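Both complexes below contain chain A, partnered by chain B and then by chain C.
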Partner chain A sequence: MSAEATTIPPRNGNERKYKWYRFQKASAPYIFILPGVVFYLMVTIVPMITGFWMSFHNWNIIRPTQPWVGLANYRKLFADPLFWTAMKNTLTYSIGVVPLQMILALLVALLLNTGIKGKKFFRLLYYLPVITPLSIAAVIWTWIYHPNLGIFNQIVKFIGLAPQDWLGDPAWAMFSVILVAIWSGIGYRMVVYLAALQGIPRSYYEAAEIDGAGNWDAFRYITLPLLKPTTLYILVTSVISSFQVFGLVNVLTGGGPLDATQVVVSYIFKRAFGDLQFGLAAAMSFVLFGIILVITLIQWKFLGKEVTYE
Partner chain B sequence: MTKNMSRYGALLLAVVLLVGLSCNVAAQKKVTIVHWQHHSPARLELVQTFAEEFMKQNPNVKIEIESVPESDYFQKLLPALAAGSGPDTFQIPTGQVPAYAASGVIQQIDPRVATARQIENDFIAPAIKRLKYDGKYYGFPVDTQTIVLFYNPKLFKEAGLDPARPPQTWDELIKYAQAIHKRDVKGVTTQMGVATGGYGPVLVSLMIQNGAPLWDNKTQLPDFNSPQAIEALKFATDMVTTYKVEDPQFGQRYNAFRQDKLGMVFGHPAMIGSFRTTAPNLDFLVAEVPAPKAGGSRSTLLTSWAYVVSSKAESEICSKWVAYLTSADAQKRWTLTTGELPSRRALLDLPEYKSDKLLAPCMESMKKSVPAPWTTRSLDDELVRKAYQMVTLKGESPAAALKWLTQEGIKAEKEQQELAKP
Partner chain C sequence: MSANVNSSTLDSALRNQKNQGPAKASKWGKIIGKVLAYIVVTLGAIMMALPFVWLILSSFKTLEEISLFPPTFFPKNPTLSNFREVFERIPFARYYMNSIITSVIPTVVTVITCSMAGFGFAKYKFAGRDVLFWVILATMMVPFPATIVPLYVMMAKAGLVNTYAGLIIVGLSSASGIFMMRQFMMTIPDELLDAARIDGASEFRIFNQIVIPLVKPALATQTLFTFTGHWGAYIWPLICVNSDKLRTLPLAIPYFSGQYFSYQNLINAASLMAIAPVLILFLFTQRYFVEGITITGMKG
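Let's turn to the complex of A and B:
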C-alpha cells in the first residue's frame, strides 16, 4: 500500500480536510521552487529590467536623479565606431574559438573513449586548464608569448619564421588570445562529449559492424548523429560564452593594442566603470543580448531536431 | 517669592544637568569611520599605522580599513555609494572630484578642520587645483606623482658615460641611449637604451615640457593640435621607429630596468619604493627629465588621487581623519615608505630631501609640476597611449595621431563635464 493512500482523507468524509489536502498537493511543487525562483528574480530578472530602464537614461550611478534620454544611448552606440570594432572583434573571437574548441574537444573525447593507456592521466591533463585560475594562466601565457624570451618565438625561430610580438602587435594579438581561449576551454567540452559518448549503446556499433560498417561509417552514421543534442548544447553555450568573453582579454591584453582585442563586454565595462556612462553601457548590454538571442534561436532552428535510433 | 525662586532654581539646575548629561553621552558615543582605498601592501601597512595613532588620539573613534585591489575598486565603490552603503572616507582620482561633488556623494572638507585658505597656503597649487568645486575643497591630495628619469649608473659606465651627469636635453638623451643600446648579430635587442613605454603621463609630460598648450581656453576642451605637441610625440615615437633605442619587443620596461638591461626609463617617483623592494641589489639613480633644449622646461604632469569624505559621513571627524592622512608628518612617512611625493609646500625644501640623491630630483620636479587641465581619466593614459601606438604600430604621422587624440579627448571630456553638472 502506498503512503499516499494512507494519508488521503476520504472524499465523502470531511470536505474541508479534503480541500486542504488538494491545496497542499497542488501548491507543494511551487513552494519547493519558490526560493530558487525568488533568487533568480533577484539576481537576474530584476537587474535585467533595471538595466533596460537604465538604458533609456543618462544614468550616473552616483547621482540621485537620472535624466530620461529616450533612445539617445542606442543612437549613440550605433554611431560609435569603437562599439562596432568591439563587435567585430567579438565575432572574430567567437568564430576563431568555438569551432576549433569543439572539434578538438570531440577528437580528444573520442581518443579517450577508446582503450588507450593512461586515460585518467590524459583526462586530468586536458581538464587542468579549466581549473587553472585565469590570472595564473595569463601570467604563464604572457611568458610563453614574450617577444624575446618566450617559448613561442623560440619555436617560430626554430622552424625558420620571423619572431612576433604576439600580444603587442595588433595583427597578432587576437590570434594569441584565441589560442589561449581554445587551450583553456577544451577540457570542459571534452568531459561533456565523453559523457555523451559513453551514453551511446554499444549494441549500435555491434550491429553496424555486423552490417560491415567501418570505423568512419560508425562515426559518421552513429556517433555524430547521436551526439547532436550534446553538440547543440556545447555550441549554444560556447557561442554565448564567447560573446560574453571578458576576463581572458582583460588580463592578457586589456583590449589593446589599439583596440585589436577590445571585445563588447570589455568595452561595456570600460564605458560603465571607467567613464561612468552606465546608461550607454546598459544599452550596449541589451544590443549584445539581442544578438546572442538571435544567434541562439538560429542555432535551435537548424540543429534542434533530436536523433534517436529506436 | 523665595519658594518660587527656589523652584525655578531647581528647574534650571535640572535642565543644566540634563543638557550636560546628554552632551556627555554624545561625547562618549563611539564614531566608526569606514575607510576604503585601493590596495598596495606598503600603503595598507602605513594607513593601518596612521589609523592606530588617530584612534589613540581620538578614543571615541574606531577606524575600519578596507583595502580593495585597484582592478575591482570602482566596481565595488560605485554601487556601494549608489546604495548608500559606501565608506565614510575613500580615495578617488582627482579628476573625478567635480563629478562626485556634483552628484552629492562627497562633502566639502569641514572648514573647522581646514579652511580653503589654509589648504591653499599649505599645499602646492597643482596638487589641489582639481580638488576645488564650486569654490570649496572636496579632498586632500594623496599619491601625488610627477615624472622623473631613472638611470642605471653601471650601464652608464659601461657605455663610457658619466653617471654624475645624466642627459640634460632630448638630443643628449638619444645620444646616451644609443651608447647604451646593444643588439646581437641578428639585430635582436639584448640591452635597451631608454624607455617611455608609451605611458600617457610621460608623453603628456614631454608635450608640457615642449610648451604645448593641450587645452583650448575658449572651448574649455582638450587640444593636442599644436606644433609643440606634435614635436613631442614625434620625439617619443622616434625612439622606437627612427633611433631604435626603445624596443617594444624587449618586454616590460621596469622588469628590464630591474635586471640591469635598460639604461634609462621614465617613470613616477613611486618606482623608487618599488625598485628598493623588488630589486634590493639594483644600483640606480634619479634625475629630472631632460629638457627639450638646453635651458628648457623640465615641467612634468602631476597626477594624484584625493582622499574624500562621503556626504553621509560625520563631517568634522572624517575631515580630521583625511587631514591626518595628509598631514606634514604623514607625508614625510609616505615619502619614506612608498615613495609618494609630499604636496605640502613646507616639505619640498627639507634638508633631508635636498641631500638625498634619489629624492632631491623628485622634489624639484614636484615644484615644477603641472596638473592636467582635463577631468577625464582616459586622457591621462589610455587615449594618449593609443595615439602613440598609432604612430609606432600603424605608421601614422604624429600630427594625424594627435588630431585623432583631440577628437576623442573632446568627446571624453564633454561626457565628464556633463556628469559634473549639478
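Let's turn to the complex of A and C:
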C-alpha cells in the first residue's frame, strides 16, 4: 500500500538511473529475505525431505547403493521392544517435567508479581540455569548426584531420607534426570509468565475487589483465564522440547542404567551413529515428528480458544 | 454475573459493617502471606543457585579436599591451581577458541540474515510472502532430531563433517530470529520509510541508515539469544565432530569428565570457566533477555 504511494521516480535524472531505481525497488524484498530463508530452509526443510526419503531405504553411509525397502524400517521399528521402552521413557520424562515445571514457574511468577522486593535479583537467580549450557550443567549435576562425594546425598540425609545412587540405580535414574530438567527450565517459563502477568490491567483486580472478590477468586476468574494463551504457548513448546530431550540424558546417564533413561532421541542417535542404520533412524525421527505433531494439534484443539475481556 | 452485582456489593457492605475483627485479621493475613511469599521464593532461589554456589566454592578446593567423605562446603585451603592445571592437562585453550569461533561467527551472520529477512517480511508485499512466512513458522515445530540424521548424511557428502564450516553452517539463520525481527520492524511507521523514498534513498540505504538504528534493542536481544544458544550447542557438534581438535566446550567438558572422573577439582574449574562468559554476559544484559522473551514468547 505504502509502496504504491511512493513510486515517485526521480525522473529529472537520466533514464538509466530511473531503471536502477525501479530494479532495486522490485528486487529489494527478495534480496532481503534470501540469505535468511535459504540458510534456514537448507538445514530444516531439505533434510526433512531427505530424511523422509531415507526412511524408505536400507540406508547405510558406507555402502555405495541404498536399496529401497518400502515400509520395512517402520515395521522393524514397531516390532522393536527397545523402541517402545524409549517411547515409554520419553513419555515418563514429559509427564514428570512439564506439569510440575509449569506449576512452579507460575507460582514463582505470581509471588514475584505481588510486589516483592528484589524481584530483579530473584528473576536473575531463577534464570541462571536457563543460560547455562545444558551439557555442562549435566556435568555439574553428575557430581552433585555422586553417591559419596556429592552434596545431594548430604541434603537428603539432612532431611532424614535414605541416600541413593541417584544416576546409577535404574529405579532412581529417571527421577534424577527429571529433577535436573525442571531445575534448568523453570526460569524461562517464569519470565514468560511474569511478562504476561504484567500485561493484565490493574483495573480488573480493582473492579473485582470492589465486588468483594477475594484473592483466590481474583486468581481463579481473572488471572488464570487471562493467562490461558501464555499457558498454551508454554505447554505446547514445553511438550515439544520434552519429546526431544537428549543432551541432558546423554551426559547424565548415557541412556542407562539398563536403558532406564533411554529416550527416543538417544535411541535414534544410537541406531544412526552407533549401528549406522540411517534408514531406521530416519524412520524413528519421523515417527517422533508425527507424535509431536498430533499432540500439538490436540493441545491447540482443546485449549486453543482465546480468552479476551476487552 | 451482572445479576450478582447487587448481592456481592451487599455482601462486602455487610462484611465491613459486622465488626472490625475480620479487617484486622485480613491485615495480619496479608503480612503472613507476604512472609510466606518471601520464604517460598527464597527457598526456590536457593535451590536454583545452589549448584552454582557449590561449583564455585569447589573449584577452589584441592584434589584431596574434593575427595573427602562427607564433602566439605567451604574450601579449607582455597587454591587457584585448578584453573592453571586445566590448561596444562587438556588443550583447554583450544576448546575455548573452538567455542568462540563456532559461537561468534554464526551469531554475527544470524543477526544480519535475520534482521534482513525480518525487514523483508515486515515491510514489503511480494508474491508468496505469507506462504513462505508460515512455512518458516511451521518448521519451528519440526524437532531438530528429525533432521539430524539426514543433515549428517548431507554434510558428510559435502565433506563438511569434522570441519569448522560444518559446525558453523547449520547456525546461519533462525526462525525465531526472523520472527522476532519481523515483530520489531512492524512497529516502524511506513511514513518514515516513505519519506526517505521520496528523498530518493534506495531500499538498502533505508534498511542500513533508518531501520537498523531504530531496532538496536532487538539486535542486542538477538545477539545475546543466539550467542547463548551457540555457546551451549551440544547435539549437532556431537554428531558433526569426532576429532579432539574441533571439540567445543559443551563437548569437551562432558568428555573430560567421563575420562578423568577422579579429577573433579579440574572438572569444576573447567566448567566454571566455560559457563563464565554467558553468566557475565547475562548479568549485564538481563533487560534484553527479558525483552526478547516478552516479544518472542508472546503471541504476535
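FYI, the second predicted complex is superposed on the first by the 267 of 310 C-alpha atoms of A that agree within 3 Å, B and C clash if a C-alpha of one lies under 4 Å from a C-alpha of the other, contacts with A are read in each partner's own complex, and residues count from 1 in each chain.
The definition used in the following text is that contacts are C-beta pairs under 8 Å (C-beta built on N, C-alpha and C of every residue); 3 or more make two chains touch, one makes a residue touch a chain.
Bear in mind the structure is a predicted one, so any value in this text is a computation, not a measurement.
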| item | value |
| --- | --- |
| Which superposed partner A:A282 touches (first chain B, second chain C, both, neither) | second |
| Contacts of A:D165 with chain B and chain C, given as first, second, both or neither | first |
| Which of chain B and chain C A:P64 touches, first, second, both or neither | first |
| First, second, both or neither for A:L258, with chain B first and chain C second | first |
| Which of chain B and chain C A:V139 touches, first, second, both or neither | second |
| Broader residue contact with chain A after superposition on the shared chain, chain B or chain C | C |
| First, second, both or neither for A:A196, with chain B first and chain C second | second |
| Chain B versus chain C as contact partner of A:Y205, first or second or both or neither | neither |
| Partner chain(s) touched by A:F273 [first = chain B, second = chain C, both, neither] | both |
| Chain C-contacting residues of chain A that also contact chain B | 61, 148-149, 273 |
| Residues of chain A touching chain C in the complex | 1-3, 5-6, 8, 10, 21, 24-25, 28-33, 35-41, 43-48, 50-51, 54, 59, 61, 104, 107-108, 111-112, 114, 116, 120, 122-129, 131-144, 148-151, 154, 183, 186-188, 191-192, 195-196, 199, 210-213, 229-230, 233, 240, 243-244, 246-247, 250-251, 264-265, 268-269, 272-273, 278, 281-282, 285-286, 288-289, 292-293, 296 |
| Contacting residues of chain A [partner chain B, same complex] | 58, 60-64, 146-149, 163, 165, 168-170, 256-259, 273-277 |
| Parts of chain B lying in touch with chain A, wherever the complex brings them together | 74-75, 78-79, 81-82, 99-100, 102-105, 188-189, 248-251, 376-378, 385-386, 389-390, 393-394, 412, 415-416, 418-419 |
| Residues on chain C engaged by chain A in the complex (per definition of touch) | 5, 8-9, 11-12, 15, 34, 37-38, 40-41, 44-45, 47-52, 54-55, 66-71, 73, 109, 112-114, 116-121, 124-126, 129, 132, 135-136, 139, 141-154, 156, 169-170, 172-175, 177-178, 190-191, 193-194, 197-198, 200, 202-204, 207, 228, 231-232, 234-235, 238-239, 249-251, 253-254, 257, 264, 267-268, 271, 274-275, 278-279, 282-283, 286, 289-290, 293-294, 297-299 |
